[in-house]
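Both of the next two complexes hold subunit A, though its partner changes from subunit B to subunit C.
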Partner chain A sequence: MSRATLGWIVLGWVGFALLPWYGFDRTAVPTLTDYIVGGSALVHGLKGTWWLLPILVPLLMSLRPALLPARKDNSSWLIGAGLLGLALIVIQGFSIGLNGWTLDILKAISGDDGPRQAGIGYGGALTAIALLIVLCHGLAARGWCRGDAFVTSSIGIVIALIIVFVFFPVSTILASAFADNNGDFAPLEFVAKFMDRSIWGLDCLTSDLRCGVAWNTLFLGLLVAFGTTALGLAFALIATRTAFRYKKLLRVMSVLPIITPPFVIGLALILIFGRSGALSSVLWEWFGVPRSRWIYGLPGVFIAQLLAFTPIAFLVLIGVVQGISPTLEEASQTLRAKSWTTFLTVTLPLMRPGLANAFLLGFVESLADFGNPLVLGGNYEVLSTKIFFAVVGAQQDQGRAAVLSIILLAFTLGAFWLQHAWLGKKVYTTVTGKGDAGIPLPLPRRVALASYFTAIPWALFTVAVYVIILVGAFVRSMGRDYTPTVDHFLTAFRVESTEHGFFFSGSAWDSFFATIKVAALSAPLTAAIGLLTAYLLTRQRFSGQRSFEFGTLLSFAIPGTVVGVSYILAFNVPPIEITGTGFVLVMCFVFRNMPVGVRSGIATLSQIDKSLDEASLTLGARSATTMRRVVLPLLRPAIVASLVYSFVRAMTAVSAVIFLVTAEYNMATTYIVGRVEAGEFGLAIAYSTVLIVVMLIAIVGIQLAVGERRLGRRSASTSTNPVAAPAIP
Partner chain B sequence: MNQMTSLSSLSRSPASKKQAASVEFRNVTKRYGSVTAVDSVSFTIEPGQLVTLLGPSGCGKTTTLRMIAGLEMASEGQILIGDRDVTHLSAADRDVSMVFQSYALFPHMSVLENVAYGPSVQGVSKKDAIAMAMEKLELIGLKGLEKRAPSELSGGQQQRVAVARALVLEPQVLLFDEPLSNLDAKLRRRVREDIRELQQSLNLTVAYVTHDQEEALAVSDRIIVMSNARIAQTGSPRELYEEPADLFVADFIGDANIVTGELTDLSGAQGSVRIGNLHLQLPHRGVSQGAVKLAVRPDAIMLDEAPSSATALAGTVRKASYLGTQIEYEVESPIGNLFVVQYGRKEAIAPGTPVGVSFATQRGVAIVPGA
Partner chain C sequence: MKLKKNLVAATMLAGSMTALSFLSAGAAQAQGALVMYCGVQEEWCRAMVTAFERETGIKVSMTRKSAGEVFAQVKAEAANPRADIWWGGTGDPHMQAAEEGLTVEYTSPKMNELQDWAVRQWEQSKKRTVGIYSGALGFGYNTELAASNKTGELKCWADLLKPELKGEVQVADPNSSGTAYTLLASIVQIMGEDKGFEYMKALHKNVNQYTKSGAAPAKAMAQGETTAGIAFMHDIVTMVVDKAPIKVVAPCEGTGYEIGSMSIIKGAKNMENAQKFYDWALTANAQKLGAEAKSYQVPSNKSTPIPPQAPKLSDVKLINFDFAKYGSSEERKRLLSKWDNEVKNLPK
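Then we have the complex of A and B:
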């Protein structure tokens, strides 16, 4: 019996006997005794909520191996206690709700509505987690995962989180795909909705009519995936393999679009290319090119998504390009391969996992994007906006939204399968335990030129977009009145000095602080869970690994609109009643953004030789220590990527949170959308500018805090100055 | 390297008196799905011995080593280290260190940090961890290089850092996974001698995986020859070389000419074997009368340029190669083509010369029971 196991058994008892089992009762004012002992499951159980008392049985079972001397069947007792306890908590939670029995059959048996209970609180959550970990420790004692309790517990926790925060809400909303509007089972209605002409129609090939929304989405997704991967690669190559003078600047600029709320890019594109946009005006006045609405539709959405998602591809690819062992390229060169041939036959194939990941991310992001198609889509409809309008529009058709989500999901999974088929089972280990003395190869001339010619115009274009945003924040009214002003900032962020200290009287402060809080909480959680999952997927072998991987990526495939609605449906009633809290926002962001951490973690980890972990294990470091001292330092690029990504996404996301915000937890983006709807563009852009600055500071802070990965490789500049001192004896 | 020679004068510091432990496998099996990598293997490594796991690639030797380390878990059977059952213990809970084929030096740490890693994750204070690391670095002769990154060292130096890192915790059992495969031939000989010397002076239990039979013969107290997931034979280098249990071992350990003979009469442990027109007295090793296979070492065959048909087989030299210390011949004979090695400074026999072929009986010729 290890001390950790003992600790979790104690925590299980604490959750049951000391902490309040239920969440807050909103009608009564809680007293101190409600928090300690008074509200515990034990007291509740003795006072009449008899269904909580059976949970005592597994808790007592877990005491047996804790109190008696070590015996062989200890693991069985732990496993039994964990399984039974979790089953009891789940069964009682789902069968007794706010309004009595949740199943009609139970109502029929008991003859009345039955007992009632609220959603679980701290106590219930703690007991459930403790029982889960006791179960995992029991499995480890059985020799699962090489007897490593850290690994089994990690797997258990990640699986439990995914079940609660991904599968449970998704199944709630998908259940409505097969139901009519009364909630009854209706498969025929599903078929009718699925085969709809507005989804699969091919009219645009033969006539002027529009194609189905599924084809639109697919086409856009492929275009964006190709575009972002190519641009991301160009940026990554320039940043790592050239002596380009403005490399740092390029790097910062490539990150800019990711820290911009999506509709802001859309807005800026309209201000440039729209009918009364800056560029359109110039073209009309100077060259007589007529103003048109070409930006509304596929071109606009495509450009906006390229701007928005190239940085993700860049962040994924830069870690991969850095990780390629220079020795391999040197080996190729010594085999008389020209630098171009080397690039084509060695460098590029080694980047395949990174390229495939970047492509997959671009594709999936494009499919799930909601803000840009909403602002710029015009008549070009895609699935995500269609789902949104099916849910909140005049139709209020949940079933239709669910059917559309199934199609979207199928596309994403198809992309995932293709990527897997392409990569196959090839090994791409290039960071080995052997020191690498090679020097990274300079880029072949034509690759360098191609990179410059794609990356630099793109960077200039990005600058133009941001100039428009910046100008918009400091002028009275963009497009009409260019008088400089700071009124917009004053309205949003006024701070008054009173005798009680500073008073944040600006209208944006509430949402600003809430956003920072949620983003700062969700970013480290996202990175931790994402990288832990990546570690489990690449470094451990356990049965059901493929479905585990699928589960972690599933949340990414669901557009934010659907996530928002499904969270409302799933978490508005007991046993898990958390809507309206900041917690639901944090969890929503964690599971929306985790896949980026997983993918970049996998891409980086698959380049790190497994024997490094094993060496650490044989030196007596447990998996947790190995993770901290060996894996994490080598994972720094992936940590930065996932921290930055999740922080920024939490600050810029619109689609999911629009359903989850409350007066207490209003998010910056929803506040801005509100301002846009009210026509206050100046205020909206000013607030966006502030957000962008805050995110820039955060990104620089994360970079500094996490630091660079030291691989002890020589660079071309230091190699001319070889280490003196005794070389080989 | 010079420090290495003064090794034997160094003894373990009194603070860290840890006994070398035995390793015992009891019917251990490892399966990956339907593939059996190790099939019901049992053996014991005595404390303070260096035992080699030898075999062709894919025979299960590395899997066996990784099961000692706890990096693979046995599907069946029991593993004991120092009489303690460790079958279900994870690698971190076993007092075992390993030197990896790729060295597995942490690229983000300096040499000193690499070596101090073991004690520091065990909760030893930073100062003590560094002192322990410095002691081991001095022991293997890398003092002065501790601030370097692993990539700034030569291959041989990297290998020694890996050894120092494995030694620093003074483990009950030390494991080597093909430690010499990344070194050049000259260095290989020296490093393997260093490893042997280190093992003997520190009285370590060592399990050592290699596919190089010469390396195995040179360093081992005992050798476990593995083939197709099973143990083919266990014994001292001399036993394996002179009394191979089957044709696989005979062929794998050193070179052997496999010839057919006939065992006629048995008397005590000896038997009379007829090969062509030659008669030899050899230990019969439990083989019954009739046709037998014999393993004949290349240096146990004598060539006579003035053949006499009574005491020799008639043969003809087909090829001769001069290798400095020895001359190698390929000889055509009635019992098949023979590979022959002659030591000593003699003139090479020219190809095409008829020779008399005879066998040395003291050593180098053995009946192979398992054939």
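Then we have the complex of A and C:
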């Protein structure tokens, strides 16, 4: 019996006998005794909520191995206690709800509505977690995962979180795909909705009619995935392998779009390329090129998504490109391969995990993107907007939304499977414990040129877009009235100095503070859970690993609108009643953005030689210590990527949160969407620029806090900088 | 190991803060004595909240969403309703909520002060929703673009079929926007179903884009992205007040309208306050806040001054819009799928 196990058993008891088992009602003002002992399950149970008392049994069971001298069957007692306890908590939680029995069968048996109970509070949550960990410790004692309790507990917790915050809500909504409008089971309706011509039609191949929305989405996704991977690679190569003078600037530029709130890029593109846009006017007046509406539709969405998602590919690829050991390239050159051959046969194949992950992310992001198709889609329809309007549009058909979501989900999981097939079982390890003596090779000429020719025009284009955005924030009405003004900022962010101190009277302050709070909370949680998952997936072997990996991708693959509605359906009633709180927003972001942490973690980890971990383990360090002192420091690029991404995403995501915001937790993006709807582009853009500045500060802060990964590699320009891996902006 | 400490500390901090936000959310919500979902634009919502708080001392927690979003949310929350009152937003989702029993009946003492159309909608919904403002459907055109396209003056629905306007008319997709559904239902009621669909097919040739949101065509006109656009007239007026070169047209054949509505949510936790708000929102004092917030709909209380910028309903030929028939989900599904099959899939 280790001290850790004992500690968790004690915590289980604390949750049951001391802390309040139930969450507090919104209107109640809890007293101190409600918090300690008074509201605990033990007191409730003795007062009449009899269904809580059976949980005492597993808690007592767990005491046996703790109190009696160590015996062989200790592990069985722990496993039994954990399983029984979790089962009891789940069964009572789901069978007794706010309005009595939840199942009609129970109502029929008891003859009345039955007892009522509220959602689980601190005590219930703590006891459930403690029982789960006791179970995992028991399994470790049985010899699972080489008897490593840290590993089994981590797997247990991640699985439990994914079940609660991904599978549970998502299954509630996907079930509606098979129901008619009254909620009855109707599989035929599913088939009819699924086979609809508006989804799978191929009319565009034979005539000038439109193709089905599924093909549109797939085509756009592939296009964007190729584009972002290529551009991301070009940026990554320039940033790590060339002596380009404006590298730093290039990096900032490439990361800007990721921190831009939705709609803004779309608006800027309209202001440049729209029929009355700046460029169109110049072309018309100088060269007589007729104005047209080409930007609305596939081209516009494609350009906007390229702008928005290239940074993600860049963030994934830069860690990978940095990690490639020059030794192998030098070996190739020593064997007289030309630099082009080396690049093609050594460097590029080593980048495959990165390329595959970047491609996958680009594809999935394009599928899930909602803001750009909304502004620029024109008559080109994609699944994400179709799903949104199936829920909130004039038809209000949740079943149809669920059917479309299943298709979207299938695409994403298909891409995931393909990626796996392509990567195969090859080994991509290049970061080993051995000293690296190599100097990263300069790029072959044609690769360098190709990179310059793609990256630099693209960077200039990004500058143009951002100049437009910046101008838009400081003029009265972009495109019509260019009188300079700071009115937009005053409306949103006015601060009045009164006798009671500063008063934030601007209309945007509430949502601004709430957004920062939620983003700052969810970023570290996302990174921690994501990287832990990546570590478990690459470094541990356990049964069900594939399906576990699938589970981590699920929430990412499902469109935000569906996630939003499913979170209300799942978390608005006991046992887990958390809608209306900031907590549900944080959890929503954590589990929506976790896949990026997982993907970048996996990409980086698969480069790091396992012998480094093994050396640490051989020297007597435990898994937890190895993770902290060996793996994490080598994972710095992945940590930065996932922290930055999740922070930024929490500040810029729209569709998922539309249903989760409340008066108290209003998010910046819903405010901006409201402004865009009302036609107040100036205010929307002004707010966005403020958010961009905040995010830039946050990114620099994250970079400073996490620090750089120091690989023992020499740089080609040895004179100034001994560290080959410079910072990611 | 600076990194390790930072990371562990940050994670723990975030974890505990998240747990704490449980607490603070519960405590702050306890003060909210009325939870309101607001379906019009932010300024108006805020003005309503502040005025009501000042007058009654009841604290309001307001969340702004579009009408369709509110409906989806109210439906999803039906098992444990979070909101008390749903104020504003186009009438269709309100009617549907009434049809599905998501809202409750209420008879306000102010009912006799209301315009006939508001009372009629209240009766049609079996006392579950009441009109607070109305706005007529119409179209507008960008005068600069119209001059360069030589379209001449546009006055009637029929003028939108002019060949000069090919690819120059914008309207929302009725599948996603209540505005465009109102257009479809109005045209069907004005011209009869067969001729109405003939009109929609002819219009299809001139439409450059079916937008997602109903007010988008008004913005596109203001930006010069389209010559003509069909929307609610008050949405176009907002652009005109913002100095866009747009002329608002009330079509000569007559036109349909929307009724912005208000409903009390079934199972509201603060029923008494919800009724107080309901009564107050029907007064002239509350309704004149709309114009102050630059929303130019026509208020439902007879004694509310009509804003001078608002399109005068007396100048607009309004049809006798059958909200009961065209608001029912059956008829809506039928018309929408007919439009999908016969109009949207036509080649240009």
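Convention: the second predicted complex is superposed on the first by the 717 of 729 C-alpha atoms of A that agree within 3 Å, B and C clash if a C-alpha of one lies under 4 Å from a C-alpha of the other, contacts with A are read in each partner's own complex, and residues count from 1 in each chain.
The rule we apply is simple: contacts are C-beta pairs under 8 Å (C-beta built on N, C-alpha and C of every residue); 3 or more make two chains touch, one makes a residue touch a chain.
No experiment lies behind these values; they were computed from the predicted model shown.
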Is the arrangement of subunit B and subunit C around the shared subunit A a clash or a fit after superposition? fit
Just subunit B (first), just subunit C (second), both, or neither: which does A:614 touch? first
Touch test for A:110: subunit B only (first), subunit C only (second), both, or neither? neither
Quick check for you: in the superposed arrangement, does A:146 touch first (subunit B), second (subunit C), both or neither? first
After lining up the shared chain so the two structures overlap, which partner does A:528 touch, if you call subunit B first and subunit C second: first, second, both or neither? second
With subunit A at the apex, the angle to the CA centres of subunit B and subunit C, rounded to a multiple of 10 degrees, reads 170
Which holds for A:2: it touches subunit B only (first), subunit C only (second), both, or neither? neither
Per the contact definition in the header, classify A:545: touching subunit B only (first), subunit C only (second), both, or neither. neither
With both complexes overlaid on chain A, does A:345 touch subunit B (first), subunit C (second), both or neither? neither
Looking only at contacts as defined up top, I'd like to know whether subunit B or subunit C touches more of subunit A. C
Output check: A:629 vs subunit B and subunit C. Expected answer is one of first, second, both, neither. What do you get? both
Contacts of A:658 with subunit B and subunit C, given as first, second, both or neither: second
Rounded to the nearest angstrom, what is the minimum C-alpha distance from subunit B to subunit C in the superposition? 11
Overlapping contact positions on subunit A, where the subunit C interface meets the subunit B interface: 629, 633
Residue set of subunit A touching subunit C in the complex reads 23-30, 98, 122, 181, 198, 203, 207-210, 270, 274-276, 293, 296, 374, 377-379, 385, 389, 391-396, 398, 477, 479-481, 507, 517, 520-525, 527-528, 565, 568-569, 572-573, 577-583, 586, 628-629, 632-633, 636, 639, 658-659, 661-666, 670-671, 674-675, 677-679, 705-707
Touching subunit B in the complex, subunit A uses residues 141-143, 146-148, 431-437, 609, 611-612, 614-623, 625, 629-630, 633-634, 709-714, 723, 725-729
What residues on subunit C touch subunit A, complex-wise? 1-4, 6-8, 10-11, 13-15, 17-19, 21-22, 24-30, 32, 35-36, 41-42, 46, 60-66, 68-69, 71-73, 75-77, 79-80, 82, 92-93, 96, 167, 173-178, 180-181, 208-210, 212-213, 215, 218-219, 222-226, 238-239, 242-244, 269, 329, 332-333, 336, 340, 345, 347-348
Which of the residues in subunit B come into contact with subunit A in the complex? 1-2, 69-73, 87-98, 100-108, 117-118, 121-122, 141, 144-145, 148-158, 165-166, 169, 175, 182
